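In the two complexes that follow, subunit A is the common piece, with subunit B as its partner first and subunit C second.
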Partner chain A sequence: MMVRTLWVALIGILAFLAAGPDPAWAQKGPIKIGFQGPMTGGAAAVGKDMLNGLMMGLEEMGHQIAGRKVEVIVEDNQGRPDVALTKLRKLVESDKVQVLTGGLFAHVGYALAPKVDEYKVPMLYPVMAADDLTQRQSARWVVRTGWTSSQPSHPFGEWVAKTLRYKKVVTVAMDYAFGWEVVGGFQKSFEEAGGQVVQKLWPPLGTTDFAPYLAQIRRDADAVFALMVAASSLRFPKQYQDAGLKARLPLIGGGTTFDEFVLPSLGDEAIGGISPLIYSAAIDTPANKRFVKEYRAKYGKVPSYYSETCYTAARWISEAAKAVGGNVEDKEKFLAALRKVEIPDAPRGPVKLDAYGNPIQNIYVRRVERKEGELWNTVIHTFPAVSQFWKYKPEEFLKQPVYSRDFPPCKHC
Partner chain B sequence: MEFWVIQTFNGVSYGALLFLLAGGLSIIFGMMRIVNMTHGSYYLLGGYVGLTAIWRTGSFPLAILLGALAIAAIGLGEYNAFLKRLSGQELGQVLTTMGFALIFQDLGLVLWGGDPYTIPVPAVLSGSYQFGELFFPIYRVFIVVVAAAVAVILWLVLERTRIGAMIRATVDDAEMARGVGINVSSISMAVFALGAFLAAVGGVVAGGFVGVYPGADFEILPYAFVVVIVGGMGSLKGALIGSLMVGLLDNFGKALFPELSYFTLFAPMAAILAIRPTGLFGRA
Partner chain C sequence: MPPRSRLIGLGALLLLLVISPPFLSSYLLTLLTQALIYGILAMSLDLLLGYTGLPSLGHAAYLGVGAYSVGVLTTRYGAGFWFTLAVGVLVAMVVAAVFGLVALRATGVYFLMITLALGMVIWGLAHRWVSMTQGDNGISRIPRPDLGLPWSLANPLPFYYFALGGFLLALWILWVIVQSPFGQSLVGIRESESRMRTLGYDVWLHKYIGFVIAGTIGGLAGVLWAYYNGFVSPADVELATSVEALLMVALGGRATLLGPAVGAAAIVFLKNLVSVYTHRWLLILGAVYIGTIVYAPEGIAGAVSELQSKRGGRAGRPQAKAEA
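Let's look at the complex of A and B:
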């Protein structure tokens, strides 16, 4: 009897979905931006960084774009694909937004894209990095202003083989699209440059205790490449150190492993971590210094790449809306304008889209260092104007399958 | 060899953490028949209160104590104001405790924000013991020690004291216990508070190694339920063995068959339920 109640209770942990309110549609009123992101749950801090960036960008424009007022409608998608789809429907059907943005996880990006195409409402992807959305299954109405998961990994893999001279690397990465793609890009260029990935471990998203994985790491490797996101970035370096690994195997990884949003909560265990990304709060340019200073004054913390990309997304929308004279209702023209935007002086550096719709931008190799008591991702090398295909020919590159758990295969495992 | 030793140690230490959580849940179950969905929230809020305490005072033991006491008080309030009235109505209790879990989740988000934190642990507890090629993080050893101490104390109280006898009597047959003059209602209250207390201790201790972050409440809750289902409701021994089993299964499952890690956790649970529907040590 009690057991059955228990089962009912266990099932009861599942979803609570909100229904959308009645439509209230005003003609030619403000430009409505529909934002969705994880505002609750394990990735809520990231969602907040994203929204802060967007709002700061809009505030600098006085909440006016091309002579029209701007309104932002915020929805919480809990970082889940099913909820994200419900919120998308709400934003488009009842709020009648003219442009969409937000979203965090790569698998949410894959889930949203076909529906966005169906609605024919442009959606900016400042963060969701799922490779294929600007590669093999490109979505017409998705405008990626962020990056592809494997974009920083490509130059980084070769750099690790040639500059750090590591021969054998073990990868530990979150087991979902983003993790596969970040690791895949790294493995491809690292092995082409003479390195060997000798073991690939895949803890599931949301793993709290990494001990079972850490104990398996091959001790004869030269380094460990880790890809963590959100709260796992907080736990991993500490558990890595406590397992006695930090002293033996240097820790490198994908950019999110040493996110700015998690650095203030980390200690010495993170120092020395090397990772590539499209942004670092420590980039030494006037545009970035001003951005970091003002963001800090406003929100009391250092901006992360989530803040930067959403801040730049606000500017992106504004540039495109200006180009069509504020007439964002002409969706085809607005979409075309969005694809043509070039921003030469974003905090992360110059950004423009390639022929496949993904930004060409700088990739920064960063090392975690302590400066004046705080942890920063010091830029130790910059690859300028890197495209999602890096040095590969797009047509050649697109013949290989999208990176996955088993591609590239682990030849040296 | 190294692999097995380390993985066993990891499993045991994770099981120890689960025991802190599931021990209270199991007793509350067994005694009051309350399916307490708020239990995960006690764990999370305990971690948050401990975090604030350590920021203010810098003392780790004080953080554990304050976190646990604050949550015990909250649990007591929830029980007295709401759950007591719903005695015997299982569905009502599930919904009420579920509602509280959602309220506490948002409350945590409002008060502590969405950023993940770790509770800074004292220097004596960080680092690891090294034996040859083997590393044992000191903090994990500490968790095992805390859980063992809690288990021994609970066992002594339950088996060797008058209060313990009264609690056991109430678990076995509340009506009869009331009949022989045991104040079942205050005992229930005390046990509920104790359960919340232990969950919060678990939350603060866990905060030192997995962190305190929104969502931790619903992440840990299914594990606690599995422990209680496997071990049997209301049995301390069951909670202890169940925790160790779940810790070890989870750990070895992830290490040996990573693709099947949920299967290796839930399949034995299903098997145990098929053979012993009341759990290993539960009574019908």
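Let's look at the complex of A and C:
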């Protein structure tokens, strides 16, 4: 009977070994891109948008970069940081990918960054926007091709004060890092331009019934700045209208409150909503028109900024790989090339990285309008080439703490 | 079941856990490490669910408390391993001691609901007490412990043995407890609370001590979990984690200690290996749970011992099952 036990043990070991690492000759094979995003759970639809964008980008290149085939390995991280870390290990250690991308939530971004540095495998962040990832806690191997949460808010705050001439604004935002940063950036520049944030409300992430918060909103304000995401974006505008607020206080907000991901599910209640973002499907350039048309033909919907940023990420990887002659195995050189990429004609407009590794790109102020029966984010103003620091000096900007629930403090509440 | 065959099986399993890792790929090794840590959590829950008959739906709270202790102490104060370990386990114990006072006023479904609510309290704290926990962002950059050994625990293999050490420690403590008269009376309480009370046992106190021990060992799992991931966030404390721990115990087999550990390994590997092939992996996982409940209500351990008794008590446990 000992023999039997030993046999079983041996078979167990062999089974493990069979699933072991690939042999070294795999190096000359395809360029492997490891993608992870939420493919199940509440944010699965966003994950799908991201993956669609990436795949469309690669398809346009015929799945070939610099003469090498491209292989994408897709992993579901369920939008959870612990799962994301496990998938990162899998993609790097088991699949031996040469470049990583994907990821949706800010906390996943913070969890992955130190590990990515440890592995020394470049990872593009097309969506994860947490400010500090390219500010106070930057990671060498993370290449952010997306945006920082407060990047669109900075020019928007001043614009609201000067162009819309609102004096007093109430903010209602999801109570987590992304919400704080979007509101913080807005408050900073809005108040510097003479405006006043007179009340800040923080519903928890995932709130769907806003009645208690809507009841609190000060009626003597000029407008309400809302930052909603996902399921909350779907419900907030309707409840805002039903509470009779839309007629009294115009609704403005962060880009995700009205992004292309939620617009198809919204109705007249969203019309007139003004928000800034790095992208609008309604941008009037040939590059974007073609992108929107083909994306629609392929996936039957209007691309969201999630799709655009991942589409551009594919292009980004390809440009960098071409710059190193396809030799992505030289990781240091590949990383340097990734940081040097400039894309003059992305759907969202020209993009290149600043010295801190965050894109300098256009910020679009968009108003929701109905055109031919559909809701679109019409671009009403464009700020060209905005960096994450906007008009501030980086060294001075970095001296202030990262935006939080209590910073900037609410002086006029 | 003949105790001798059981011992041989156990020995072979341990031998496998000790000698096979150097031959594994580093990814499988990290999965195995994860399975060991979840194994500790599942075993500690087994003391409650399996031995005492208390279905706790808030066991992630202790994992979370242990993990957050590590996160705060190491990143903010640069605390060493032993101090962090002691504090992490102690804090979990204190939390369990407080929660036990509240939860043990009820039994059955009510106990389930109260532990669920208490677990959500810890989740709420993790989420909203931003100055301490950094809220939704979580605490990142937790360094791997430095034990002054020649092997750096930053590498997967030494860390695996480190986790194995923690696992064996937890297994040994729990084994001693369930074999002791105290453990036997817990089983007695599970079988008939009123009879135990009539016999003069302080039922409440027994349950309370069991509850605190389970929480404390859950804290140990949390400490290892934080070091393993180098990161802790409210997602670790979510209801989903508590539910998963319950499923591990059910899948592995209640009141068998090692069963839940095997259940933990099965779930960790199923999740990570199946999800590679299909995004419908949740469906497969669900089917496995339902299959277990219908065909093997006593879990993997139950199915194994049934198989053995059918074969007339012949020795030789099918080890491959444990690693499947």
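Methods note: the second predicted complex is superposed on the first by the 388 of 413 C-alpha atoms of A that agree within 3 Å, B and C clash if a C-alpha of one lies under 4 Å from a C-alpha of the other, contacts with A are read in each partner's own complex, and residues count from 1 in each chain.
One rule holds for everything that comes next: a contact is a pair of C-beta atoms (placed from the backbone, for glycine too) under 8 Å apart; a residue touches a chain by one contact, two chains touch by 3 or more.
Nothing here was measured: the structure is a model prediction, and the numbers come from that model.
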Is A:Asp268 touching anything from subunit B or subunit C once the two structures are fitted on A? First, second, both or neither. neither
Is A:Asp330 in contact with subunit B, with subunit C, with both, or with neither (first, second, both, neither)? neither
Between subunit B and subunit C, whom does A:Pro203 touch in the aligned arrangement: first, second, both, or neither? first
So in the superposed three-chain picture, is A:Glu59 touching just subunit B, just subunit C, both, or none of them (first/second/both/neither)? neither
Just subunit B (first), just subunit C (second), both, or neither: which does A:Arg235 touch? first
Touched partner set for A:Thr40, first subunit B, second subunit C, both or neither: both
Which subunit A residues are contacted by subunit C in one complex and by subunit B in the other? 2, 5-6, 8-9, 12-13, 16, 39-40, 175, 204
In the complex, subunit A residues that touch subunit B: 2-3, 5-6, 8-10, 12-13, 16, 39-42, 44-45, 47-48, 175, 201-204, 206, 208-209, 211-213, 215-216, 219, 230-231, 234-235, 238-239, 242-245, 261-262, 265, 267
Hey, which residues of subunit B end up touching subunit A in the complex? 3, 6-7, 10, 13-14, 29, 33, 35, 37, 90-91, 94, 98, 102, 105-106, 109, 113-118, 120, 126-128, 130, 133, 135, 137-140, 209-211, 213-216, 218-219, 221-222, 225, 228-229, 233, 250-252, 254-255, 258, 261, 273, 277-278
For the complex, give me every residue of subunit A touching subunit C. 1-2, 4-6, 8-9, 11-13, 15-17, 19-21, 39-40, 75-76, 80-82, 85-86, 89-90, 93-94, 106-107, 110-111, 113-115, 118, 130, 175-177, 204-205, 404-405
State the interface residues of subunit C toward subunit A in the complex, per the touch definition above. 5, 8-9, 12, 15-16, 20, 23-28, 30-31, 34, 127-128, 130, 135-138, 140-141, 154, 229-231, 233, 235-236, 272, 275-276, 279, 281-282, 314-320, 323
